[in-house]
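Each of the next two complexes has chain A plus one other chain: chain B in the first, chain C in the second.
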Partner chain A sequence: MSVRDLKGRRRWLALAGCLVWLAFTLFPLYWVGITSFKSPVGVVGGPTYIPFVDFEPSLTAWRELLSGARGQFYSTFMASTIIGLSASVAATLIGAMAAYSLVRFQFQVRLLSGLIFVFVAVGGFLLLRDILGMGQALALIYSFIAALGLSVISAWAPLPGPILKNKDIVFWFVSQRMFPPIVAAFALFLMYSEMGKLGFKLVDTYIGLTLAYIAFSLPIVIWLMRDFFEALPVEVEEAAMVDNVPTWRIFFGIVLPMSKPGLIATFMITLAFIWNEFLFALFLTNSRWQTLPILVAGQNSQRGDEWWAISAAALVAIIPMVIMAGLLSRLMRSGLLLGAIK
Partner chain B sequence: MMRQDPAKHYFIWPALLVVLVVTIFPLVYSLTTSFMSLRLVPPLPSRFIGFDNYTSLLANPRFWHVAGTTSLIAFTAVALQYVIGFAVALALNSRVPGEGVFRVGFLIPMLVAPVAVALIARQVLNPTMGPLNEFMTLLGFPNLPFLTQTAWALGAIIAVEVWQWTPFVILMLLAGLQTLPNDVYEAAELENATPWQQFWGITFPMLLPISVAVVFIRLIESYKIIDTVFVMTGGGPGISTETLTLFAYQEGFKKFNLGYTSALSFLLLIFITIIGLVYLAILRPYLEKHK
Partner chain C sequence: MSQIDLERVTKTFGTVEVIPPLDLNIADKEFVVLVGPSGCGKTTTLRMIAGLETATSGVIRIGDRDVTDLRAGLRNCSMVFQNYALYPHMSVAENIGYGMKVRGTPKTEIAKAVADAARILNLEPYLNRKPSALSGGQRQRVAIGRAIVRQPDVFLFDEPLSNLDAKLRIEMRTEIKLLHRRLQTTIVYVTHDQVEAMTMADRVVVMNQGRVEQAADPITLYERPRNRFVAAFIGAPSMNFIDGALERGDGGVNFVAEGGVKIALADARVETLSSSVGEKITLGIRPEHTMNAEQAFPAVDIKVADVEPLGPHTLAIGKAGQADFTAQIDAASPVRPDEMLRVSLNPAKMHFFHANSGEALGRLEG
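Right, the complex of A and B next:
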């Protein structure tokens, strides 16, 4: 027992406080759970609390939900699962690669190259669209390629100005998380629509939404994975390097297997974020690839007071993540996430 | 160890490209659009209008009202999350009985979809079918209009935010508490410092860096709130609970006023950046003092 443990009366006060908070935390979940087993009569007649005691549980809501009588639940669930899993796997992999290179290699980017990118992109876009009268999407694509090309070439030229190091690049990645998603979601919707006019359908497609989710998960993946990689011992990698093992094999064969707990935790956090995400799905999908949060939010206006059906729908969105919470807390107890907050 | 290897480019470019294409690309587009007059319904030819979108937004009382509402929700909710989260983390760290159960239970809300939380809140707060009003009636209160009267609706949204995001504060602070060395507390114990003194003298200052980071993240995230409000009140009654993101959504998706919406979303970005910078500037001296 350590000195920091509470003793005597304080201990019981703390326990009481925790119990109150636990009740506050769990009551809404309990409520939605029992409501999904209520019959329509059981809901409208006023609140009831304990199954078999003050209401007779019924499976109406679940039967309707699973039989598909209430909209396309099955396909929405599948869309959510496919997009969630593939986007979080891709984000974790791409982000882990970037994080690894930022931990182990020295990068130097001139600030000027970054500025060139921004100016050529904005200027080129305006020039092509407003002066040369090109279409929105084409103007964007050309100016983007030109900006990227020029800034990469300028990286070799001996330009003056401050040099950005790894720390700054990590900061740039992480700062993407600060952007209010509405800025990007709305513009992304317009951009996707423009691309649609060119023949690449991106609104309400698998690619469109998955790509957006990968990009928006990358900051957090890079942030978390960087801490895990920094905590790894370098000796193993150094030994492999002496044997002339190529970098990509060091990464996939040694580093990734060693950081499996970190990868799993990052994957889970990313999956939870994507699974629950609302704004991008709202803007970028409309029927085929709609995800669960949109369907659940829609229940509200479509169903009015049919709380039994709404509860069952909400539970479908909640349960997979609650199972994950159990797994995550098990990982947490092994001290896994400690490094992630430093 | 830092090493040089051309292979590093293959490692970083996929991430760099995806972020550039999906986030910077639209940013350029919406930045240029924010200086244009561009409407889809009715379709008008776009033209350059300089800062007109920005000035008309800044002159719009609705914008300031919405910004005020968002700030009120964000600051109140984050303050409550921090105080409650700190208390719970302290209790868990000193091993209250049943700590293991609490840990799992406390984590759950964070992983529940905000739209689902909002739907549950609507049920619980329902005036005739919800349990909370029955409970309040039992205590002698009249039937309370939780979602249809401004003050109550704001309170309900804040309560939902606290319910959902206090776990995040608990998680981070608990991890921080576990890294604190025991010997400092042993020394304090020898000096007969009271638990109150130990908290303000040791625990709080040593956790200040993590606290600053946690509050910062929560504050920035809270300013983006839309899903909870969207489902719970839809911004109503009237526009009294409308938040900045919801306002932008209404302007953009309901009125298709593209230039205006782009300007609005950039103002939100500037707003968040200023709040973040002011917050860090205020706290920097304290952080450095405790280093």
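Right, the complex of A and C next:
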């Protein structure tokens, strides 16, 4: 039975239910909207609901926000935009490559090679730092390079033990998102500040925060894109292979255009995640490359909860994403594969 | 020269051997059709020639080149797939010219090649359309166009007509044959449809479980099948088989089967079959070589289960003794289901097979 079949009173009840839910979801947005136009006195003086009737709108909050009186609004907005766009593009591109290779090629990784990596990385770090007295950052770099080299070389040797296949590798990627981000945030901050001591500044830099976001977005990108690539007909790529089209050209010229809806959806999800991300931005930036979530949270100052300012900043954070989603959803129309195969 | 030679080629997937050692020689400019039931290894064989699968062992040669370990792109083959496999985001012209564009051919040359292909395949009005705006037959013509601009040594077709409706399939069949006559390029064509195989091929290779059962021109396959599998696979409706034995009696040799089937053999056949007297053998007769009862020919009685009037003639489907039997009779014959019907068999068109091995016995030479 569908809602369309309902008759009489039931139909009105269903409509009423939908309207209640609509009001429930829209009201917070409305509330943020009108609050940003209230004066400080209007906010504190008890709830008022309708502009021009209940209260006189004021542009105080917006004027303060846009004039930069409450934090570097423009630079924050630009930082959010630059980091958000570049990290999403990079993560989508790199993740798509990884996902494609996981769909079209069979990988075999020996579990023992993975264990060798862990032991050499951790053991080598402890050895270099505690016994040979090397600096934290250098010890880390050397032990990881050694671990990577050894594990790659050992993968060729006929080691005993289980062999990990593609689905294990995908699980490994996705598992990166299963532990609480705070764990990674702490570790990243420590690593970044050690790198800073070596003269390679990462904290509060564009490259530092972008790299962190790319790394943290990759699992979800790989997971999503893998599904899109699996749905592609392999014959189209085989036709190109027979036609002597190089592999990179097949990927960029045929596979990526065919999975455009998936790429855009994945890009959108990644961008939304990065745009809204708070924890990494809090740890890894302090002034120059602060992002919007930090600015919004920063409105909560020593003077108490200044809701008018928070509301204006929150709206600024929401609106670009709404516009982006609206524009890109037009490109996400399905049916792009139509005509490739029967 | 672009003949294809497969020498002792095998293919295993994991532990499953799909192709046991296979030898196959395809002459230059020949149109060879690989046909067989699904899972017989015909597509795998084609894909090994294309380079989309690597042979587990053995040698594959195209012309004078050993291509066994060469990747697909370097073998100079063109392949047409069952489901077209067009690039959906490119127009018809871009689809046809993409391979040349990638290889860095000058634009004017590409345009000329595309225009030529479009003219041959009647695609000129559609050059700027996307594949999604084409019908199935047009899409497959685009795929063929993409194949011919490559000017390959070998064309490979993997069931290219299976997705088309019956009428279009017959039209495209003729188009591909005309194309072969025009281009004079070696063609290897895979299909599961024996009518397609018979109508198009210079030579048909009937495959079963990875083996070549018989490779011959269509008429030879039809008239002198090497074994029971080929006999059953080629021809529609399929050949009738009656299991029985040869016995001496009544002054000659008779084929006798359960259910009162007894057929006297002509003297010419007795000579070639005399060594098999007393053994279990199978009689094969095609429906089109049966007829309404006539005095001069041996006959069997069949219990009719169903009658299929086709126009020019009628098929009576039923049982002769224990065996399923389809007879072709006059359209005017007043036969109804559940009646008994006496049909004659053309003695010159009878086939005999060894019951256990399925090998043809006493094949008529000629």
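Keep this in mind: the second predicted complex is superposed on the first by the 304 of 342 C-alpha atoms of A that agree within 3 Å, B and C clash if a C-alpha of one lies under 4 Å from a C-alpha of the other, contacts with A are read in each partner's own complex, and residues count from 1 in each chain.
Please note the rule applied: a residue touches a chain if its C-beta (ideal position, glycine included) is under 8 Å from a C-beta of that chain, and two chains touch if they have at least 3 such contacts.
As the structure is a computational prediction, the values presented were derived from the model and not from experiment.
Undergrad: Count the residues of chain A touched by chain B and by chain C, then name the partner with the higher count.
TA: Chain A has more residues touched by B than by the other partner.
Undergrad: Considering only the touch criterion stated at the top, classify A:249 as touching first (chain B), second (chain C), both, or neither.
TA: Only chain C; A:249 stays clear of chain B.
Undergrad: In the superposed arrangement, which partner chain does A:25 touch: chain B (first), chain C (second), both, or neither?
TA: Touch partner of A:25: chain B, not chain C.
Undergrad: Output check: A:107 vs chain B and chain C. Expected answer is one of first, second, both, neither. What do you get?
TA: So A:107 only meets chain B here.
Undergrad: Could you tell me if A:297 is touching chain B, chain C, both of them or neither one (first, second, both, neither)?
TA: After superposing on A, A:297 lies in contact with chain B but is clear of chain C.
Undergrad: Now for A:275: first (chain B), second (chain C), both, or neither, which partner does it touch?
TA: First partner only.
Undergrad: What is the contact status of A:238 with respect to chain B (first) and chain C (second): first, second, both, or neither?
TA: After superposing on A, A:238 lies in contact with both chain B and chain C.
Undergrad: Can A:258 be said to touch chain B (first), chain C (second), both, or neither?
TA: second
Undergrad: Pick one for A:17: touches chain B only (first), chain C only (second), both, or neither.
TA: The answer is first: A:17 touches chain B but not chain C.
Undergrad: Can you pull the chain A residues that chain B and chain C both touch?
TA: Residues 238, 241, 246, 335, 337-338, 340-341, which sit in both footprints.
Undergrad: For the complex, which residues does chain C have touching chain A?
TA: Checking each residue of chain C against chain A gives 50-52, 71-75, 77-79, 81-89, 98-99, 102-103, 130-134, 136, 139, 143, 146, 150, 156, 163.
Undergrad: Sort out for me which residues of chain B touch chain A in the complex.
TA: Touching chain A: residues 1-5, 7-8, 10-12, 14-16, 18-33, 48, 84, 87-88, 90-98, 101-124, 126, 128-131, 134, 163, 167, 171-172, 175-176, 178-179, 182, 185-186, 189, 195, 210, 213, 220, 223-224, 226-227, 230-231, 244-245, 248-249, 252-253, 258, 261-262, 265-266, 268-269, 272-273, 276 of chain B.
Undergrad: Name, in rising order, each residue of chain A that touches chain B in their complex.
TA: Within the complex, chain A contacts chain B at residues 2-6, 10-11, 14-15, 17-18, 21-22, 24-29, 31-32, 35, 43-44, 46-47, 49, 94-95, 97-98, 100-102, 104-107, 118, 121-122, 125-126, 130, 136, 140, 143-144, 148, 173, 176, 178-184, 186-188, 190-191, 211-212, 214-216, 218-219, 222, 234, 238, 241, 246-248, 251, 272, 275-276, 278-279, 282-283, 292-293, 296-297, 299-300, 305, 307, 310-311, 314, 317-318, 321-322, 324-326, 328-329, 332-333, 335, 337-338, 340-341.
Undergrad: Residue numbers of chain A touching chain C in their complex, please.
TA: Within the complex, chain A contacts chain C at residues 233, 235-236, 238-246, 249, 253-254, 257-258, 260, 335-342.
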